[in-house]
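Next up, some structures in structure tokens.
The following pair of complexes shares a single chain, subunit A, combined with subunit B in the former and subunit C in the latter.
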Partner chain A sequence: MKIKKTADCDVLVIGAGMAGCIAAARASSLGMKTIQAGNSSSFFFASGLFDLLGVFPVETGKIVDRPCSAIAQLQSEQRDHPYSKTTVDQIKEGFEFLASFLDSASLPYSLPGTDNRHILTSLGTFKPTYMVPQTVSKGCNLEEKNILIVDFKGLRGFSAKQVAAGLATKNRQTQVLSIEVPENLGNLNPVHLATAFEKKEFIQHLADKLLKFSGKADIVGLPAVCGIHNSLEITESLEKKTGMDVFEIPGMPPSIPGLRLKNAFEKKLSGLGTLFLSNAKIIFHAMEKDHFILRAVNDNFETRIKAQGVILATGRFPGGGLFARRDIILETVFDLPVFQPETREMWHQLNFLDPKGHLINQAGLETDEMFRPLDKAGKPAFENLYAAGSIIAHNDWTRLKCGAGVACISAYTAVNSFYKRHL
Partner chain B sequence: MFQTALYIAISLSLIGLLYQSRFFFKENRRFPGKKRGHGTWQIKLFLLNTLFQIKLFKAGRLRWLIHFLVASGFVYLLIFHALDDVTSFNWFQSYQSPVDPFQFLRNLAGLFVLAGCLGFLFRRMFFFALLKQRKIHLKGLFTILLILMVIVSGFLLEAVKIMSEPVFLEMVEEYSDIDETTGLEDLKIYWERQYHVVFNETLLITEEKFGAGKQLNEKFCIECHSPVKSAFISRSITLPLKKTGIFLNRHRADHLVYAVHYFLSLLMLVCLPFSRLFHIFLIPVASLEKNLTKEHLYPGPDQDPDQIQGYINTATVLACTNCGFCSNVCSVMPNFLITKNIHILPHAKIAAVKQLLHHAHLEPETGYWLQSGNGDCTFCHNCADICPSGIDLQSLWGLLNQKPVADGVENNHTFIEKLSLKQWTDLTSGKEPLLSAQNTTTQLADNGASFGNCIQCTICTNVCPVVEYDIDSNDYTPQQIMNLLRLGKKHLATGTRMVWNCLTCYTCQEYCPQGIKIADIMIELRNNGHLAATAIQLENFKKAE
Partner chain C sequence: MYKTIETDVLIIGGGVTGTGVARDLSLRGLQCVLIDKSDLNAGASGGNHGLLHSGARYVGSDPKAAVECRNELEILKKNAGHCIEDTGGLFVAVKGDDETYIADFPGMCEKSGVYCQKIDLALAREMEPVLSDDLIAVYQVNDASINPFKLSIENMNDAVSRGSQFLSFCELIEFKLSHKNIDYAIIKNLNTGESFHIKARTHVNASGAWAARIAAMAGITINMVLSKGTLLVTSKRMTKRVINRLRKATDGDILVPGGVVSIIGTTSIRVDSPDHIYPTISEVDHIINEGQRIVPALKTCRYIRAYSGARPLVSENNTTDDRTVSRGFTLRDHEINGVDNFITITGGKLSTFRLMAEKTSDLVCWKHSIFSTCLTKEIPLPSTKTGGWSEPGLMANEPVMSKTGFDPILCECEMVPMGAIDTLVNSVRQNKGKPDLISIALRSRVGKGPCQGAFCSLRIFSHLYDNNVIQDHSDIRDLKRFLNERWKGERSLLWDQALVQSSLKEMIHSGLFGLELIENKQ
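Then we have the complex of A and B:
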């Protein structure tokens, strides 16, 4: 027997990924009564880095250094891309909001001016990205520095030698150190190791090992597992103990910087009064005058929600926002028309690594300037329904490296538009 | 004869008390638990529980009321009525048993006990029928019936005495100089009308004679005989009996009923140490000391949780009156409803412990059910909190957990822990029906759709507190369990440490990005493992026989 409840709100955010959380953050910061439903575990797959535009044009694979001018070019060439529905200034405003929100959630991020940063990854490559956690921010512009890369024996997915080998291809000589995790202080799953970093004994043990390299190295790269709740304090205390700069190197999932984001959003949103319905599946019931009536169902309860506005941030296939049948791709909550390749044969190119990307990755919802999904006639399907994040069509974010930027600007703009129009 | 019987009864009762109290002194073979630290003496609880049964009051108001009626009524009757030679006669100058307020109070107290006993019986008839898993213990029933018979015979005695002509004549002879010539008939007339005595002659009532009788009554009788209406119960028994009065008087029914009442009372005295009545002594003792309190079970950050070990004077276990409150509040009652192992419930466990104490032996099968039932205990302290007898139940369950109750008996958890996965799969081969029992499980582990979406991302393993606490003794991690299922190795999975160590905290399920019901699957696997392990163990007991 499920417990039945009812709840009223100004905004219902469906989805708890990047776009959903930013939308909930913006809505509750504006003082709107917000309910969020979804599963925020996808943050474990997020590197914790916020991309704006990393590669453009996608066919040439050109790495972008100055995203603002690249966006201007993209806006003129791809009228359908989500960035083309907004302006560079608005995008910057969105990022500023996000940075200040995370700052207030005790997860400080470093927001650059106009240029992309090239951050060292666990593969030894440099990833073009935009806004990064402060603990990661020293992982760029490493020329002229004596680098020490540290790994932990048994921690899978991160090898100091691998990073060094990557750096060697760029003619950078790097020192490596492999540390054994003392028994009783932690084990070698990333989350558990990150918990161990929060123990003073562990930090001391680590600092003692690092001190042997003092004089030989001036900056230390660690896998991004330096604590879950106070990573900046931890890296700073290591810097103090060793006299060397310390930075984190993001890598394979489960990603601790992603977990930190998840925790920061959840904690701050709950503090702002956002009701979070964890793992609830949303079913659209009907419109009652201007209000949406929806049901949120999970194993234990069923909540009837009355919402003035809805932000659809359900993602694409992994998030469950889109569902691919053999013959057609469907939108799962409102059954909205989905932009998609005409036939299944056209989903993919013959070459998996085709630089043009696959057409299926352009699938999603067509929207207007305010990111309201359109119906078949090209009019907004609902007055107050907005889409945010990867569910928006014409957005091959994995290739353009613009996922976080699109999530941020669509969520930010959608909530702002709803706020201006109706409250 | 009555005197001799009294002395014999007192001696028997005293010997019985001494014999029963041996449990408090003898060194117990099963629970030699050395006293660790100091238990707390609960003086306040001791006093309140002894005098007012405060714990019973907290557990159930109606039950307390019934109990208090019996207890208060009986104590009054014992002190002021049964022992009146040494109490009432010495304490009150005007005391005579048929004088108010004593006559009225005796009836009132009798009514209390009567009502209480009927309440007990009523509850046993209906409450026990509702909870079919509980047996009526004849011991308790015997005690109630005994009390009931003592009280009923008392009322009957008073009723018979009220209408007795021989008693009337004896009294007249003893306390007055009235005879036929000086108005005995007048007094008879007055007493027939006012005191309901039944005479074996027809008396001609005139107002004159009645008045004369009243004067005689005032002169000789009234000091010791209050109006009979204050004996409101006995009088209402007398009235319908009056028709048989002549017959009863002729055969001196008063003597017979007196003997019955007297010997029933002595029987009660003798039974005191051997019946449920013994709880009068045991409950104060049990209420006095408590070694494991709720606070002990939730140790502070500086305390070593391993140090917390209960100690119990096992004799206090005998204070259990089988009231069943403990089982009603048991947190793992749902386990019982599924597994039907009665020894999950505290009232059944304590009954088995009693048997163990008395006979120092349990059948391996009973031992097994007790061991595994006790293994389900979550140490929530609910039973110890509610126990009206104040028994330190939580300490008892803790002790039971530490020692196997019968030789060669283990709970399924330790049984499986000792086996390698290879041995386990060898043992369970041929037990396939048990490993996917259709009726008792959610059927997730047999359904590929429930775990097929697993992408082996290791998030479940990363957030699992069991994995974090002790990675070495855990053979498989949650995502590996999912992989075992995908490989069709369900039998193997039911024996893994991960499945048996799982806390069912649901963190994995909450975090799984693929929405897989990991914790539910773990529980199902463990339940399946339980079924198989139980079958194997029971088979082993049969073989051993």
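Then we have the complex of A and C:
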């Protein structure tokens, strides 16, 4: 027997990925009564880096150094892109809000002035990105430094030699160190390793190993597993013990910096009174006057929700916001019209890593300037329904490296618009 | 001065035929060098159902091929049992299928001596619950499934153990002819760019769909038509037995189980070149629409991969329906074309590869004036360690911990541990190949599970750096090539869950790592 409840709110955020969490953060910061429903597992895929615009134009693969001026160019060339519905100043404002929110949740990020940072990844590539965790930011400046890269035997997908090979392309001579974790016989789970970092004995063990490189190295790169909570304190205590700078290198999922974000959002949002319905599937029932009536269902409970406004941040295919049949792409909660390539033949390029990107990544919802999804006639489908994040059309964020930026600005703008117009 | 390798026989083409010839000749005491411009089974040998025909498929169209299949099936079951799963098969007809063909079928089987037994429809559905409710006739036959990768690996391993060698990524550039003979062959190692010579007494062209191109290098014309066939791999095994549609051979009418998956196909589309063929979306839709007539679950099941092979068909006259061209094989002694020490073997099919190798080897021995008999009928094919990693799903049942204790799983979908990767790296090196993700994937189940290489590629790639198998950052292009190779098989199947997986893969490899920004080597 399922427990049935009812709940009223000013705004329901559907989705618990990056865009959903930023929307919930903004809404509760503005004092709105907020309910958030969704599955937060996408954070395991989040590198923890917040991109603004990393590559533009994608056809030429041009790496962006000054994202704000590149956005201005993108706005003039791609009228449909979500960034073209806003201004550079608003985008900056959104990032400032996000940074201060995370700071208040004890997850300090470093906001640069104008330039992108190029962050070393576990693959040895450099990712053009914008706002990064403070534990990562020290790795931005490796000029003239004696670098030591450390890996942990059994932590799959992270090899110090591989990272060093990447650094060698920038003429950086790098030393490598492989550390054995006692009693590990196979897969070293990143979550377990990150938990080990929170123990003083482990940090001492690690510091002892690093001290052997004293005088030979002045900065140490570690896989981004330096603790789940208090990662900055942990890296700083390593720095104190060794006299070397310490930075984290993001890599393949499951991502610990992503997990830190998930925890930070959950903790802070709960403190602000946001009700979180975990793993709930949202079913749109009807409009009752100006209010949305929806049902949130999971295995254990069913909640009837009455909401004045809804932020749809359900993502694309992995998030479940869009669903692809063999012949058509559908939106899953409101059955909104989805912009999409005409036939499946056009969905994907013949080359997986075609710099142009796949047309299916342009699929999504068309919106107005306030990020309200449009119906077939081009009018807002609902007065108070907003979209945020990757469900918005015309945004190939994997190629443009603008996923976090679009999530942030659309969530921030959508919530602000709703707030200004109706409360 | 070029390096020259001297050998008895140079075999061109590392498919089931070429590796079969290498083993057959090695057993008769001849030393062979087998070259392939790619790797093992890169052509049709790797692009088929993995079906060992009972012969029933050909009783109407090609009784000679039917008899050959019947005989070969018995020999292979006896001698290469570790490459075969003796599944048995069914021929099923559904409402609307040609009733005359159905009525004639048992008689035609009897004429070719191919076993077939009528099965009650209710019993058939009990045997294979996924069969359609529209069944009108079912016959049981002796079909089996075979792992063509394992087959080629084991044939080559046996030949190597007898003194032959395999050179992967070595392309034939030119034949130097003199006095009605090929004097020597100029070969280029595509990994290193170096050229070298191979001087052999006899040359066997076993290059399948590339046979006309190789023959042309000796100035000889072979008329071939190439027929592309596309197949789809389901994520789960659908049936215990091979399921054939009981009708004249056409598209989407064979479903073959192999380990934990099933394979449905095929199509038949004329192509000009065997290079760069890939499954198209219309082929995929067509196969699913046809396949669901006999097994309705094929409409809704998840597919993990699609692939294509080019059937090499030797054409004697002009025809438009490639399925009417004989599926028998063609053995040409090019002495009649004025090149005495050159043989082409092409056409045919997986089921009769051993017979093709036998007839080819007989001709080679005749040319060498060696009196010998074929031994592959009698001597079982040995089973080796490196062959084992290519079997779908079987590895999950093996103990995965190595003796040293430390052996993390690098491919979680298919449960391939680090120790297995190291074994495969050594095996590739023994064949003078370049150990990279593609050559490892070819010899194992790596990248063939639901994640299609999204995660295991990164774990294995890092491990290769750890072990100094690769050292340079520019080798990151190997990762790109591997992902693109997987992509060829994914692209036409991306809807529902498969699209979710490929989106995640793109998030990691493009979104985070920016692999698309790494320039491809020319």
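Please note the rule applied: the second predicted complex is superposed on the first by the 418 of 423 C-alpha atoms of A that agree within 3 Å, B and C clash if a C-alpha of one lies under 4 Å from a C-alpha of the other, contacts with A are read in each partner's own complex, and residues count from 1 in each chain.
Here is the rule we go by: contacts are C-beta pairs under 8 Å (C-beta built on N, C-alpha and C of every residue); 3 or more make two chains touch, one makes a residue touch a chain.
The structure presented is a predicted model; accordingly, all values stated were derived computationally and were not measured.
After alignment on the shared subunit A, the placement of subunit B and subunit C results in a side-by-side fit free of clashes. Of the two partner chains placed by superposition, A:7 touches none, neither subunit B nor subunit C.
By the touch criterion stated above, A:191 is placed in contact with subunit B alone, subunit C being left untouched. Legend: residue contacts after superposition of the two complexes on their common chain; A:359 is shown touching neither subunit B nor subunit C.
Residue contacts after overlaying the shared chain place A:45 against subunit B and subunit C alike.
By the touch criterion defined above, A:72 lies against neither subunit B nor subunit C after alignment on the C-alpha atoms of chain A. With both complexes placed on chain A, subunit A has more residues touched by C than by the other of subunit B and subunit C. In the superposition on chain A, A:316 contacts subunit C only, with no contact to subunit B.
Applying the stated contact rule after C-alpha superposition, one finds that A:278 touches subunit B and leaves subunit C untouched. Judged by the touch definition given at the top, the superposed model places A:99 against neither subunit B nor subunit C.
Rounded in steps of 10, the angle subunit B-subunit A-subunit C defined by Cα centres in the superposition reads 90°. In the superposed model, A:177 lies in contact with neither subunit B nor subunit C. Here the smallest spacing between CA atoms of subunit B and those of subunit C, following superposition, is 5 Å. Within subunit A, the residues touched by subunit B in the first complex and by subunit C in the second are 45, 187-188, 253, 318.
The residues of subunit B lying in touch with subunit A in their complex are 457-459, 461-463, 467-468, 471, 510-513, 515, 517. Residues of subunit A that touch subunit B in their complex: 39, 41-42, 44-45, 187-192, 195, 253-254, 278-279, 299, 318. By the touch rule above, subunit C contacts subunit A in their complex via residues 278, 280-282, 285, 288, 401, 405-410, 455, 458-459, 461-463, 465-466, 468, 471-473, 476, 479-480, 483-484, 486-487, 490-491, 494-496, 499-500, 503-504, 506-518.
Subunit A makes touch with subunit C in their complex at residues 45, 47, 54-55, 61, 63, 121-128, 151, 153-154, 156-159, 161-162, 165-166, 168-169, 178, 184-188, 250-253, 316-318, 323-326, 343-345, 347-348, 350-355, 358, 360-361, 397-399, 401, 403.
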